Every structure is written in C-alpha cells, then in structure tokens.
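So, here's a batch of structures to check.
Look for subunit A in each of the two complexes below; its partner is subunit B in the first and subunit C in the second.
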Partner chain A sequence: MNIVYHARVIKAVAVRDFKIRITYIPWIMNSLLQPIAWTLILVYAYRSIMGPGSSEALAAHGWAGDPVGFLILGQVLLSLFNALNWRAGMAIQRERWYGTLELILQAPASRIAVLAGSSLFGLVDAGWASFLSALAVIALTGATFNVADPLAAVASILLAAVGALSMGIGLAGLYVLTRSAGPIAVAIQHPTRFFTGSSFPLTILPAVLQYVGYAIPLTYGLEAVRRTMLQGAGLGDVGPLLYRLLLLSIASTMLGVAMVRWAEGVARRNGWLHTF
Partner chain B sequence: MYTIEAEGLEKEYRIGLLSKRRVKALRGVSLRIQKGTLYSLLGPNGAGKTTLVKILATLLIPDAGWARVAGFDVAREAVEVRKRVGVVLGGERALYWRLTGWSNLWFFSQLYGIPPAEARRRIRELIELVGLQGWEHVRVENYSKGMKQRLHIARGLLNDPEVLLLDEPTIGLDPAAAREVRGLIRRIVAEGRTVLLTTHYMAEAEELSDRVGIISGGRIIAEGSPGEVKKIIGGRMVLVSLTGPPGEASRLAALLGARARSIDRVTTIEAVVEDEEEFIDKVLGEALRRGLRVRRVEVREPSLEEAFIKLTGGPR
Partner chain C sequence: MGGYTPSKLQVLRASLSAYARDVLALYSAWGFILVRLSVPVFMVATAWALSKIASPSGLVASLGYVDYVGYVALGFAFFTMLTTTLFEVGERIHREMVQGTLETVLLTPASRLAWLIGGALGSLMISMADVALVTVYYVTLFRGEVHLGGAPYALAGLLLSLAGMTGMGIALAGIVVNLKEPHAFNVMLTPFLMLLSGMMFPVEALPGPVEAVSRLIPVTHGIEVVRSSLLQGEPAIHLLGILALEAIAYTVVGYTVFRLLEARARRLGGLGSF
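After this line comes the complex of A and B, so read on.
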C-alpha cells in the first residue's frame, strides 16, 4: 500500500511537471540549443588556439583521445546537472513561486516522494535534450569514441546521472533554507562548469582547486565516462572512481533530504511556508 | 462531541531574520466546534484568523497551547490530521495556472493517495458540486476569480475530509460569485462535514453559521449563536457634533464613556449604544447645561470595526 502510494505521488509529480513544461516551448528549445552552442564554442576555441596539436596537448595531461569527444561528454553531463539543479534542486522553491507549497505540505504525501517525482522528470527531460544536443554536435564537428567495455560505459553514464541527481537533491536542501534560491541556482552553474573539469583537464589547476573539484560527485562521473568512452577503459579501471562517486552521491542525497525535512520544521515554526 | 478543539493557542511571529520585532498573532485562543456544524470566525484584518486556520491545518506549529482536529493532535499527529482535513486558503495563486482544472484536481488527489478509479469518480462529482462542468479541461489561467475559488474548494474536498477549513472564502468575489460560494458551503455542511470559516463580513457569518466567534487582536472576545453575537455587537452607532467652549465637549464625552474627535472647532462624540434615544437625551441635556450647541445628530448601524471598539473597550 505504502509503496503504491509513494509511486503514485512520484508519478503524479513527474506528470504534472511534464504537463507544465510542454506549455513553455521556448524553454524546451533553450535546453536543446544551449548545450550545442556551448560545445561548439569550446570546440572552436580549442581548434583556433591549438590547431591540429590539441590532441597531443590534451594527451600531455593524461587525456589521450579525441578532444571533441572530450568536450562533448563534458558538456552533456554538465547540462544534465544544470537541468537537475533546476528540477530537483528548485522543486520546492518552484512550489513557492506557484503558491502551492503550503498545499503540498498540507497533504500527507511523503516529501521525499514529491522531490523524487521532480527529479525523475528532470532526469528524463534533461536526458533526451542532452543526448540530442550531443548528437547534433557530433554531426556538425565529427567525433571519435573508443569504447572497449560497453558495460563499463553504461555503468559510468548511469552513475554520473545518479551523481548529478544527488547534487540536485543536495542543493534542494540548501535552497529551501534560503529565500534567494533563484540567484543561487544561477550562480552555482558556472563554478560547477569550472571545478568539474567539464571543459579542460582538472590536472592543470593548482592542487587546492583540484580538491574542490573532487568534492563534487559529477567530477568523478565525468572522468569515468570519458575514460570508458574515449580511452576504452574497463570496469576494473574506473571501479574506484565509480565507488567514490556512489559514496558521495549517497552523502549528498542524505544531506539534501535531511535539510529539506529540517527546513520544513523550521518553516512551520516560523510561518515561512508561504513566503518567497 | 467536538471535532475541533483548541486550548490556549499562542503564536508569535518574528519579523525578519535578524530583527527583534515580533508580532503576537494569537494570545491564547480556545475553541470548541461541534461535529457537523459550521463555525464562523469573524474578525478584522490582522486579527489572527489565518494564523489559527494554519495551526489547525498543521501548517504552523503553535508556541503554546494545543489543538485536536478530527480526534488527533495537530502537532504530534500531523499526518493523521492531514488525512482528515481539507484546507482552502484561497487566493489567486495556489493553483497551477498552466494546467486545467481537472489536472489540478488530479494532481492533488494523487498526493492524498486516492486510487485512480476512485479519484476520477470523486473529481467528476466535485466538478459538478462546484459547478465547473464544461470548464474542467480549460487551463486555470482562463478562469474567473470566482471559478478559481470554487476550484480551490473542490480541491479542499478531494480527500472527503471530516473537517473543512475555509479562510475568507468569499474575499475579493463580486456579490453573485460570493453568493454561489455561500450556497456551496451550505451544501458542504449539509453533507455532515464540520466547517470552520473565517470572514470579516458580519452578514456572511450570520447567514451561514451555527456559531460565531469574534476574534480581535489574537483573542476570541465573544462567542455565541449568530443571534446572540449580533446582539452583543449589535447596538446603534450615534454621532453628535457639537461646538462651544473649548474642551467642554471632550469632557462631556469622557463623562459618557464615548469617543471624541475634533475637527476645527467642531467636536464629534461617538458611541455604540443599546438605546440610542436615551443616549441622545443625555447628550442634549448635558450639552445645554454646558453651553454647547448641537450641530448634527446621526444614528446608524455600527461597522464591525466600531462594534469591536465597543467590545474591546476602546481603540487598540
């Protein structure tokens, strides 16, 4: 009974998000075109500065393989994160904007199920857009991949998505505590682009900054996906990365859930549920 | 048997995160509402009506006191209360404007875990109850204010609640739309539900309720059947404008326990009284004795605001 109830809540939230989403066609276009534009900018930046030598330059930093593939994978996973930042992360804030937060919290439904519904829709919504935009860039610029272990590649992609999702839920916990969730959600996108090494090898950064990068789940996901899809790495090679990714994801999810719960209590005590 | 019971509820809000300013919204509210009846909470803006509704709806935790709704404690058994209560906070927002009325109701029905077949049947019934047939597949952004309010009420009834809490359900509606909503509320009570309604319209409370409580400054200051309450806050408002020796009119007002307002050299004495003739006689007799000249006498129904002043014994 309870499982069925939770499943119904998750489905209803995801379907609601979908129905609202398709009324905003320009946003859908945006989520398709933005990653294409970003990736093309990066590809041409690499080409103009390093010319044919970009492969060797990247290889010198431990990234033997096609630079275009390197950039595409970076951008795909980053846009997946960005979408989840806005979907899972902003799920509660969005109800405030609609004025529905009190009604949602007044229902006996599990808050986690509500958050899961928004996350699920975010994953699907961002997934197809990221995938299509990656295909578009490949068609435009050409890219070569080197997959030796498809299972390892699929596992890496799935876990990278889990990492992005866990960050969304972690951020949801942060956002509910503030009343400036919108600006913070915007502000967080570019540091993430920088610290996860989405557009350049992290190893060129000073060590201190690399530590910041390796505190972010997405960084591990990105590295595992690139190793398995560009360098033919197998599960044995990326196992330690995936293991750490999973641990960080669990931590981020638990932190987010705990903070959302705590914030609800604080808001109910202070009369903040209706404010935005 | 009481379906809603509250004792000594207190709530204080902090204004801003760092500021020391506080607003005491409830100062010890106790309440008992019998099963299957409609209770109106009548009070001016800022009286604490919404705060009380939100505490009973489990959306706010009181600082002191307790409340039980449908047999469960709102603080310790919030989930049980939520299953049995419907809340209508109303307003323009609080619906998904980009979705149809049907989709809005469907979404909330699933939050209450209503099985799909039953939910479909229930939504069809509710759409008929609130008179939105033909509009259920239109986006809410195209609804009038009155239609949105009726959709709010349908939403509040999705889980077939024992208790329905309605916060100012007719505010901002034109007379025709307000009348429709009142008719709807009457039908809801006839179904055997317990309804708590807040309003600042005396006539509305009078028309609908079994009992009326008057709330002002975070306290329930009077309670009874609509007839009793009307008698308490009934009376007549008398205004007498006087000119004459400076300060004399104000002294007269103080003597009679009335309020005095001065504009230029005219002082107006005003009071809400049971017997207006006796009061006017008294004012005229005293005025003559003190050399005051009467410029104008007016008698009318007191507004709710003026009735509160009488009840609370002076301006807050």
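After this line comes the complex of A and C, so read on.
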C-alpha cells in the first residue's frame, strides 16, 4: 500500500467524522460555549480572590500583569486537548459504539491511518472552536497580549497542538481494552487541568506534583505559548521547552500506536473486539 | 376510567426503584466510580492551588470567607447536588426514549409528577454521597473546619433550593421531550450554571445585570445559605424566605411548562423519536 492509499483512508475517515459531527448541532454549540464559560469562571474567580491591583502573588510565580491572558491561553489549549482526547483517543472505541469496529478492522486499511484521519479531523474541529471561543473571551474581557516574535508564537501554538494530539493518540491504546473508556476519558480531563497548570502557575504546586506536570507534553506547550504570547519571548527563550515537548510528543504517539496494535491483537485472540 | 390506577406513592416508589437499577448497571463499569471519586479531589485541589495566590483584599476574603478551599469545596458539593437533581429529570426522559419505553410510561394511568420526582429523589440520594465525599476530602486532606451548629439552616436552605431546582428540572424535561438532545444541553448548561451560581466566586463579582439573573436561580441562594451556615456559623436566614418563594414559583411554572410541552410533543407525534 502506498502513501496515496493511506492518504485516501485518512481523508475518508476525516470526512465521515465531519458528516457525523454536523448532524449534532447542540454538540457544536457546546464546543464553542463551554470554553467561554470555563474561562469566565476562572477570570471571575481570580478577580474575586486577588482583589484590585494585587497581582503580585501571580508575579511572584513568574507571571506578572493581567491574569486574563494567562487563563485564556490555558483554557484554549486545555479545550484543544479535551477535544482531541475524545476524537483521537476515542477513535477506536467510537467505532465499537457505532457497531463498525469489525468492519474497519477487516478493511484493507491501516489502523494508524484510521486513527490519523480521526485525529486530523479532531485537530481542525477543536482548533476552530477553541480559536473562536478565545476571540469571544478576549472581546468580553479586553485581554491584551505581548507578542515580540510571531514566528515563536506560531511555532509554540502548533507544537502545543501536536502535543495535545500526541496525548490523544497515547490515550487511544488505553481506551481499547476497557468497558469504561467513556468515563475514563471524562476523568482524565480533571488531572490534566490540574497538573498542566492550565488554571494557575505550576510553580504553586509542591515539587513532587510539578514532576507529574512535567511528564505531560501539554505542560511544555502551555508554558511556551504563554511565554511567547504574554511575555514577548522569542524562539531562543522557548527552544528548550519546544524541544522537550517534541520529544515527549513523539514518545506519546509511539506508545499510543504500539498500545493500539497490542490491544487489537489481544482483543482478536480472546474474541473481545465487541465485548467492551 | 376503569382499571387499576396506581397511587402517587406507588408510582414514586416504582420510579425510584427503576432509577436504582439504572444506577447499579451504570456503576458496574469501574470507570464511573473513578469519575465519581476523582473529580471532586481535583476540583478541591484546584481551589487549594488558587488559594495560594489569594489576597486579604480580595472580594472572597472581604465577605468574611478566609478559607477559599472550603468556599469552593462546599460550593462545588452543593452545586453538584442541586444541578444533578435538575438534570436527572431530563436525562430520565431521554433514557426512556432511547429504551423505547417513553410512550408506554406516558400512556399509563400514573402520575407524571410522581414519576419524575421519583427519579429526582434517586439522583438526590446519589449526590448526597458526593457531598459527603467532598466534605471528607476537605476535612481530611485540607484540614478544613465546618460549623456544625449551622447545619440545620444549611439543610433548610438545601431542601428549599432542591424544591426550586426540581421545578426547573421538570420544565427542562418538557424541553427535552421536544429537543431530544438532553446530554449536550446539560453539558452546555453546566458551566454557565457554575458561572451564575457563584460556585467558585461570589456573584457580587459579576456585572450588575448578570448578577441579577444569577439571583433568580435557586442554586445561587442555596449555596450562599449553606456557606454562611457551615463556614461562618452565621446563617443568611433572610435568604430562606426568597428560596421558599422561588421553590413554589419554579414548581408551579415547571409543571405547567412540562404539561404544555408534553402536549405539544404528543400533538406532533414526536414522543418516541429521538
């Protein structure tokens, strides 16, 4: 099978996911409105606990100035991860729910191409929703940003998205062999919010908990995006963060792909394909 | 009308029993237990992290709440309890739709109100376990303190809010019968209710008109009564009267809206489709 064949599989899966997506309008509205509400909750919580002109506590953790931009960027990238967790992570499980898993596995198509198609659509779908939500919150709160190196900012955003995607693929393997894939996908969002520092500077946490955070690709993505968009950092400043993010993303993707292959083998051998 | 007509109490008991069976089936998957146990931990832990950047000049502290962890823990626990009850009614109708039993249920000569309240009561019992869990986390992991002397007032505020939220839930159920997508609707509504209820911050922080809207939702006053009673030991007794009025108004309006929307769904022949 050549690369064109794989590309056609990826496109077919992405188009199919798009068609299913536009059937459920309330879920599209949900993707747009949820990040807005969550960001506003955090903005008002910050304003209520910090008081007027008292952002020194945040500055002491390396994030001086208005916390609104800090929160918007955290929520946007977290929403991106949440969406990809459902798209890429649940790609195999969703086929099981639709009753199409056996058909997909019997088709002469690469499983990885199927996963890639679902992930690609997830990235586009979550990307535009997160972007529009961020614009809405910026308009509502008047948040300002400080971008000195646009290239560094774009590179950070793209690599942060790759990091989120790699986490989704990494989780796909975990979800295949369990009847609890749906609830686990929900449960995983909360520790991710906490350990990546999407809602507060990670340095607030005790060192041992920070280590957990720095084992997650999204943490590096968040920090790089915040440094380039709020503090005017350049590529030289965030280079080490992006490098680690890339390494962790590659590891997470490889782990996910290996896990999906292993889980498929186990499920076939034991006749479990439709058990969960 | 001839034949057997069950009493409201019998319908309520049957509805509660059906709910219990649904819950048992749901929690046979361990992932649901994981969600139930882990989400409150991370919610309270996030409040703990935010409390590290809290200032004495902040609005929360100026209202007399010195412990932000307790502020969010109680807010989250009671918000979950009240909104789960709110959404259960709509979710129940959707479950019956998906199972293909809604038309049968609605055609039986049984009280709709008792049937809906039975499910809400079941949901209430489960969410009381959530409240206990959050309280245990707060007291053991974060060494929080609550004024148990304020518990009777907190309970009164909670019961009145529950009545109001059940009324709102019944109205939402009528919308679900026509909209068919309750889960998306509930997932979308939850963060907005969090925003308006003051779960993580005092509603005084919201812009004037938004604050006014937030005060029309029973959960807002309910959380305020619970917090003032259990964290400050000075119950906001004046809010109990408002909560009682809201409870009556929402129950009457909710049931009327449900009957109207149910009649619409029957007229259009859409009861069993989703």
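By definition in this document, the second predicted complex is superposed on the first by the 271 of 276 C-alpha atoms of A that agree within 3 Å, B and C clash if a C-alpha of one lies under 4 Å from a C-alpha of the other, contacts with A are read in each partner's own complex, and residues count from 1 in each chain.
Here, contacts are C-beta pairs under 8 Å (C-beta built on N, C-alpha and C of every residue); 3 or more make two chains touch, one makes a residue touch a chain.
Everything numeric here is computed off the predicted structure, so don't read it as measured data.
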| item | value |
| --- | --- |
| Superposed partners subunit B and subunit C on subunit A - clash or fit | fit |
| Touched partner set for A:Q34, first subunit B, second subunit C, both or neither | second |
| First (subunit B), second (subunit C), both or neither touched by A:S199 | second |
| First, second, both or neither for A:Y44, with subunit B first and subunit C second | second |
| First (subunit B), second (subunit C), both or neither touched by A:R8 | first |
| Which superposed partner A:G271 touches (first subunit B, second subunit C, both, neither) | first |
| Partner, of subunit C and subunit B, that touches more residues belonging to subunit A | C |
| For subunit A as apex, the angle formed with subunit B and subunit C - C-alpha centres, to the nearest 10 degrees | 80 |
| First, second, both or neither for A:Y98, with subunit B first and subunit C second | first |
| CA minimum distance (subunit B, subunit C), superposed complexes, angstrom | 11 |
| Intersection of the subunit A residues that touch subunit B with those that touch subunit C | none |
| Footprint of subunit A on subunit B - complex, ascending | 11, 13-14, 51, 54, 57-61, 79, 82-83, 85, 87, 89, 91, 93-99, 103, 106-108, 110-113, 116, 155 |
| Subunit C to subunit A touching residues, read off their complex | 29-32, 34-35, 38-39, 42-43, 45-46, 49-62, 68, 179, 181, 184-185, 187-188, 191-192, 194-195, 199-202, 205-206 |
| Subunit B partner contacts - residues on subunit A that touch it in the complex | 5, 8-9, 11-13, 15-16, 19-20, 23, 98-100, 102-109, 114, 265, 268-271, 273 |
| Residues of subunit A touching subunit C in the complex | 24, 26-27, 29-30, 33-34, 37-38, 40-42, 44-52, 54, 57-58, 61, 178-184, 186-187, 190-191, 193-194, 199-200, 204-205 |
